[in-house]
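Structure first, commentary second.
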Amino acid sequence: MGELCGVVGIGQTKYAAKRGDLSIAGVVREAAIRALEDAELEWKDIDAVVIGKAPDMFEGVMMPELYLADALGAVGKPMLRVHTAGSVGGSTSIVAASLIQAGIHDRVLTVAFEKQSDSNAMWALSSKQPFSPHINAGAGGYFAPLIRTYIRRSQAPDHIGMLVAFKDRLNALKNPYAHLHIEDISMQKIEDSFMLWAPIRYLESCPSSDGACAMVLAREALAKDAPRPPAWVLGTAMRTEPTMFAGREEVNPQAGKDCAADVYRQAGIENPRRDIDVAEVYVPFSWFEPMWMENLGFAEDGEGWKMTDEGETALDGDMPINPSGGVLSSNPIGASGMIRFAEAALQVRGMAGEHQIDGARVALGHAYGGGSQYFSMWIVSSEQP
Amino acid sequence: MREVAIVSFAQAPNVRDAGAKNEVELLMPVAHAALERAGLTLQEIGFTCSGSSDYLAGAPFSFVMAIDALGAWPPISESHVEMDGAWALYEAWVKIQHGAADSALVYGFGKSSSGEIRDVLSLQLDPYYVAPLWPDSISLAALQARALLESSRYSEKDLAEVAVRSRRNARSNPNAQLAGDVDPAALLAEPYLVSPLRKHDCPPISDGVAAVVLAAGDLARRICQRPAWIRGIDHRIEPHSLGVRDLTRSPSTELAAEKAGVQQGPIDLAELHAPFTHQELILRDALGLRDDVELNPSGGALAANPVMVAGLTRIGEAASRISAGSAQRAVAHATSGPCLQQNLVCVLEGE
Amino acid sequence: MEDPIQDITTPIRLDYQYTAGSATAKFLRGLKQGRLLGQRCPKCAKVIVPARGACARCGVATEEEVEVADRGTVTTFCVVHIPVPGSEIKPPFVCATIQLDGADIGCFHLVSEVSPDEVRAGMRVQAVWKPREEWDHTFENIRYFKPTGEPDAELEDTRGTGHA
Amino acid sequence: MANPAEDVLSASYALEFSYTRSVGPVIGRFLTGLRDHRIEGVVGSDGKVIVPPTEYDPFTGAELESFVEVGQAGVVTSWAWMAEPRAHQPLDRPFAWALIRLDGADTALLHAVDAGDESRMSTGMRVKVRWREQTSGHIQDIACFEPEAG
């Protein structure tokens, strides 16, 4: 079905609380140039640009792709802007891939970014829409109760969340692009960190980052000739369900299960735990690792936390999750999903550097957003199908 | 390329202020009407894609609640562009080309009445050099209009005649806001709003929703008596800074038209997303439309301009006329950004 | 010569007129009268509170008005230790999902008059309203929920699998 | 705040925030120039001088870094008469929005012209910068432009 799509170039900025050295265009540009360099291509080689980010209010620029057209060499080309809440970085990658898979373009540049420091990430807090029927306690106030439900149902021990945070923060030390490099990280340090929304501690939460991620995607013939090994896209999937309805399962959402089943089917994956070598999974609060392990079918319901507890999700475990340090270590919101997709591709290209998983052949990139209701995933492989 | 057609189109009446109805309440009947006309349920649809803007709504993640209108259970394969619904249609078309879906529901929604749309659109501008000065959307269009008028290709009377035709055509469009018979001389006697533009040169402020259903090949033929086949669709963008562009031309429209194959056959009618009278003239030239082409039979964006919807509506209006048999080959156009920065061109044909 | 410019400040202010949807308006008008109004889905028969004008699962309009109790069951919660900007509530406080008696969906509100350590899923709670003269079109007419002292309700989902 | 005439609950609210934007080297250099009453452009891929300087070439996407100082007066290439200025705009009395090609530049800059009356505006007319009394490195350091002749 369709053309085969390969990832031939990947670029990331250094993620930081504030990239005070760059404009918004400068941020997207840094990632885009690195992706072009990786692919050994120039602007003129790119046929179309697909850009994604989270709400425009972070930067106070409406539809910033209009202003960014010049910086991304998009003038005279098609340019699309995707926004699917937190999953947007993943969805953006998928839209870009579909332009190749549909046979419309030869090479597509896709970029996702956020420059949250422009608003000190405070946008949502500065104005409150009238007539909101609910009491709002921030993002953590929404997700922490879901975590509590997970803990209650699975009877997971309290330290699991801290264990995830410890592992991801250790991994981040091996990733030069990661925002948070906490050299003296320890379980004790995490336990001692400030409680935000119990059971979520400060060091179990994602930071707010500036940064961008970019990829160059190419059709089969061009990807085969790329200077560095491509990551072949074996499957892509997106699923959405409504935020609130009677009886909605919010901890282990159906949309996530359906999305995983769809992407596995496309990629010929029968047993994800066995067939996938490494996964980059969107974990903004530590406890979401075990929750997603179950949602993704890596563990039985109620058993996800055991993977973390037994070290299976660590760099040297049999199912490494987030070798890059994950969203817990770098979180330019609109780009966070694309970083997952790109890191999965880096792994199968053998280009992940110090956090490379030896022999990684098949990898999953995962993103979610909204009230755990938007999902996007892709499977990439070192081997051309 | 797979054959893909528009098999159904629905829209809400465009109004100055939809009042008590929020986006979900506006969208629900329209989305369901589009599905019903196609004889499909949401669960039979392969892909759903929408277009809208948070800044229009004045709240982040404004598209998330819109999902509530659809009945997205079991979960659906779905995406969203922060653009006019016309680009959502493009994304859906790509998905069908890929073979990942055989049908798609596409919708756009926007309540321009919530904020001061002239100021809201200022935030589309360069955030360092231009947005801090708050030039409003009508002023920018006026700069473009003067450049066109002084190029000697068109006069203020030509602009007024675009408005006259728009309102005349809109008389037969029950969803239009501005319709009627007006005299160009009377329009020209009105004062300037932002010179050289008068009120009639500018779009009304509109709340609106539109939805279309796309289907591929035999499915389209089965569910629609006369599908409007998408024979070509393309979109292009220009540099952002107004000061580096030739505002009297639309090179991105020219390029998109060439890629979409506009000139590969005779065009019966065109639905152009020109919120301002002079922009219709620029677009007509860019598309190379002959004088015998029926222009904006719906009245176009001058008769109703729901931001984030009006481009998709143009495609839907053109498709409806093909499905009704009153046109054989049509071009539909959508625009985005200040002074026609980004343009999409779609060529539609009957069997 | 001063240092080169690295940052600029650009204030942005946009004025909006926000209109509550008609279903939300009905819910808020009910609150102003001290009533909690939901709507029953004509398709799945579930009662949705706050009324939203739509059953998101079925994608149909909801019209039938159903008044629900101002007491219910905590289904889950968290303890917020940081201040919520723009809010007068002092941390730590309990933010809970509460399924009101007669409703089939939870709403978010605060739980107080109990130590955060003692709050648990299944706990029965009832609304503590502000004085009537302070009531307006807002859920904040209910100051918070407090425990009723009834025995805990049994929650349906302890198997850990989706019941949706 | 409720409107009793209809079944509508509506209220006004403001989406308000002061964004702090890091500007990067190119925009930073231009703004630094403004602070010091100097206007600089950048040389584009085709050798044309772009003012205000874009970080990347509008047509080729190339990185631009060759700066040149341009004049503080120039020619109006198009304009629009703002009879009723809106909140936040540079002037609170009727003025013209104009695209202005400064001497030595090949592209136009968008700003306000304080011409007093529409009859004093024309395409091709010459205008010059009026600096704000206190400059701080912001596009608003240019208070507006004014007709060069008198």
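Just so it is clear, A, B, C and D label the chains in written order, and each chain counts residues from 1 on its own.
The rule is simple: contacts are C-beta pairs under 8 Å (C-beta built on N, C-alpha and C of every residue); 3 or more make two chains touch, one makes a residue touch a chain.
Note that this is a predicted model, so its numbers are computed, not measured.
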*Using C-alpha centroids, which chain lies at the maximum separation from subunit D?*
C
*Is the C-beta contact count larger for B-C or for A-B?*
A-B
*Between subunit D and subunit A, distance of the C-alpha-averaged centres to the nearest whole Å*: 38
*Calculate how many whole Å lie between the centre of subunit A and the centre of subunit B, each centre taken as the average of the chain's C-alpha atoms.*
33
_Need the CA-centroid distance for the pair subunit C / subunit D, whole Å please._
46
*For subunit B, jot down the residues that touch at least 2 other chains.*
19-20, 55, 58, 67-68, 70, 72-73, 119-120, 123, 127-128, 131-132, 239-241
*Going through subunit D residue by residue, note those that touch at least 2 other chains and give them in order.*
1, 7-9, 11, 13-17, 19-23, 27, 31, 54, 58-59, 88, 138
*Scan subunit C for residues touching two or more other chains and write them down.*
6-8, 10, 12, 14-20, 22, 24-25, 28, 52, 55-57, 137
*subunit A - residues contacting subunit B, complex*: 1-2, 23-24, 54-57, 59-64, 66-70, 74-85, 91, 94-95, 98-99, 101-104, 123-124, 129, 236-245, 253-255, 258-259, 262, 370-371, 373-374
_subunit C to subunit A touching residues, read off their complex_ = 6-7, 10, 12, 18, 20, 24-25, 27-28, 41, 44, 46-48, 50, 52, 55-57, 75-82, 84-86, 92, 95-97, 104-105, 107-110, 116, 121, 137-140, 157-164
*Residues on subunit B engaged by subunit C in the complex (per definition of touch)*: 19-22, 24-25, 28, 32, 42, 55, 58, 67-73, 113-116, 119-120, 123, 127-128, 131-132
*What residues on subunit A touch subunit C, complex-wise?*
20-21, 60, 122, 125-126, 128-131, 133-138, 140-141, 144-149, 152-154, 194-200, 242-249, 252-254, 301-302
*subunit A touches which residues of subunit D in the complex?*
1, 9, 11, 13-17, 19-27, 54-62
